[in-house]
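Per-chain numbering from 1; labels A, B and C assigned in written order.
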């Protein structure tokens, strides 16, 4: 098992290097930080020159890449070229907020989605099944930004009409700290979580349902029934565990989509998260901030793929001893 | 009819054996599947009791598709919506940029045909949505078609030739899959895009081919083993072109399904990009940009609801059609419908 | 005459599909006596598997339906039992061994756990250690080496033959009075087939369970069975002792089956397959289901479905109007059996 993990980790490193390298190439080509820097009135020619030398902006791209990689480890991702602020604290702060949003909505989506999927499969063609199938189809067709906006508008209207703040429609916190903080944060995150939840839920419930139906008709389930095992136990012990296996792959593939959804959701609800940070950085053409986001995002995806691989190995003994 | 001799010396006639596709027995296994359902390419027979219905593969698929009420409804919906988009200049009462400062922020009404109301500069929302639909249609179809073609070619090459080429191409696809999709697309469109719908379409197509390439490659890999043996035996010098004649048609099903669903995904993605301001920018109409505009007027719900609603409807219909196509074209029909 | 252990009377099973109603089993009646091995022979789609799956209620009931019939087993009608009662019978008094051991065993559970489940389902009070002991005994009986180690392994770590042995062990775990083996060796290599059949024979001798052995292989029938039923298109067309049937087959289909086997002891110029193809179970031919392919077929066969009637004494029965014409007609195996 450990070799399994070690091999996966080792394989991830060249992938990471490749993806960051190509991203760096592209971003460096597409952005011209000097342009914005020169426009910055606070930068004297002398400081500008210092900037160029420090960031090796006069060297070819490939060399700059290596300096950037070095900066990751030695200078904690370096500094933004435009705001001259260190990147690391921003990244860690925003990452924390995004992580809250993503993890909560994903966990909810998996747990509820899997449960709904199981029940839909067991009661195939029932009203429950049909209604949740419809909801899933809606979930797949829903643009995340639109759903976010609709929720936002809805609750702004509720507040305007009844003067009751059910959920907050922007920001992360209104109360600075203290005992009410958690509830406050929850109220702020509620709508964003709901938004991200919907699409992921649709994904998991559909896949779980399909997986369950697939397994329910398989030969080994027939064998279990032929042994006289009670139907409920057949489902729990034989069907469920096997049906869950493909879901790990689905979850791993969904991380990219989640990050994308986070970008949009944070923008609509003005949350201080990584996605929002990224959009702002893009708008300004800030090379290093953009690269920092892409790096962290790639690492997140790789880490989650690893977790999925391990979970897969845990669930399916056939691939354990790879 | 063929002749045979009976034990008593008399001769008789017996019906000639019908040709059966591929030598496969027509009867189902264990009685669970149906005789006709599994092998659509069967010729008809004249003998009594062997009345199988004549079905070519495509008419069989079409029949299955039409049995899907949702798919048919989706198709009708698409015809209506996309039809409106194609004939936008006939359907939309106003042009995209027609402004009217005397009539700003008017709620939906039938006066002056402002069915969806007007926006901050008095432009008719209904017309703008119709024009936006046209753009979405163009983007969606372009991305789906182009990415499908690219994906088909690359997947075929990778699956057929295998080896180093396959490895290389798959590493690239893997790479693309490990990147956060929207972030990368955002970066590309922000840094390379110029607000043109074609730039965005090309960027999206350049990203979407990876999905179908994997599927096509899979089909080629698996069929290469089977068909290769048969082809080698049957025709001696198995022409590569023959393989493409035999294997390629088997990929058409998944390609068509994937391509259809890609239309929806492309439209959603473009809308998100445009919403964030990095996609299609005025004067080219875009449903995503319309929603973005609407964001500035939270009390005027019609400015955000209608454009977004149309996106939802379009993608919903596309997904229904895609689902129906998948059922119609997917040969792996193991489950029975009551 | 001893009491039959199992008496099936007029069993009819059908499946509702998109293309029509599949008549999988169309009026099957037979008896099974304690301690005997009954073979059921037929092509794919003859209904041989479905008829036994119906006994244990293992046919998926939305598309499938047991239209009519009785199956008396130890004084109770299996087809009319309530779910709870039927569950008590499954794996306990009547056990089944399936065709493909790779897909018939749960890949994520250890073999020991799955075998243990067979026992613990019916005897939940048994102590774990005792159950494990029993399983190791069973594995030894079926010839699985190192049973103690194998107990903790997963199905994919077993070879095909060993998996099937484990399946057999699972079947006899609770000493059933009736063991149904549905094509137990079809998915295995020929050399392994012989081993597994050997195990089956040994197991049958040890437990004295009545066994129904379903197969399409006449050779297996000759080797293993006491009596045999020949099925075609959901009907029994011939039944009798192995000796009688091989020595003097009395149904054209049986003769056709036997003649289509290549004879290893002589040179043959041509193989003699049965002309035609198995019929559609949705559109069964009127009259005798075999008549379109039968060399004896006459006008009467097109209209009247021949009932299963005794030929020489009550033990040997054939469903053919003209079975007398086959008297004296020998099959390839006649000399071998005599």
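The rule is simple: contacts are C-beta pairs under 8 Å (C-beta built on N, C-alpha and C of every residue); 3 or more make two chains touch, one makes a residue touch a chain.
Owing to the predicted nature of the structure, the values given are computational and were not obtained by experimental measurement.
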A-C or A-B - the one linked by more C-beta pairs in contact: A-B
Most central chain, Cα average position: B
Chain at maximum distance from subunit B, centres defined as averaged CA atoms: C
Length of the line joining the C-alpha centres of subunit B and subunit C, rounded to whole Å: 45
Centroid distance [mean C-alpha coordinates] between subunit B and subunit A, Å: 27
Inter-centroid spacing, subunit C versus subunit A (mean Cα positions, whole Å): 54
Residues of subunit B whose C-beta touches two or more other chains: 338
Overlap residues in subunit A, where contacts from two or more other chains coincide: 217
For subunit C, residues contacting two or more additional chains: 60
Complex contact set, residues of subunit A against subunit B: 15, 18-19, 22-23, 26-27, 30-31, 125, 137-138, 140-146, 149-150, 152-153, 156, 213, 217, 253, 255-257, 259-261, 263-264, 267-268, 278-279, 282-283, 285, 290, 293-294, 297-298, 301-302, 305
Subunit B to subunit A touching residues, read off their complex: 174-175, 177-184, 186-188, 190-192, 264, 268, 271-272, 275-278, 288, 291, 294-295, 298, 301, 304-305, 308, 311-316, 319-320, 334-335, 338
List of subunit A residues in touch with subunit C within their complex: 217-220, 222-230, 237-238, 241-242, 245, 315-318
Residues on subunit C engaged by subunit A in the complex (per definition of touch): 56, 58, 60, 87-92, 95-96, 98, 100, 103-109, 117-118, 121-122, 154, 156, 167, 170
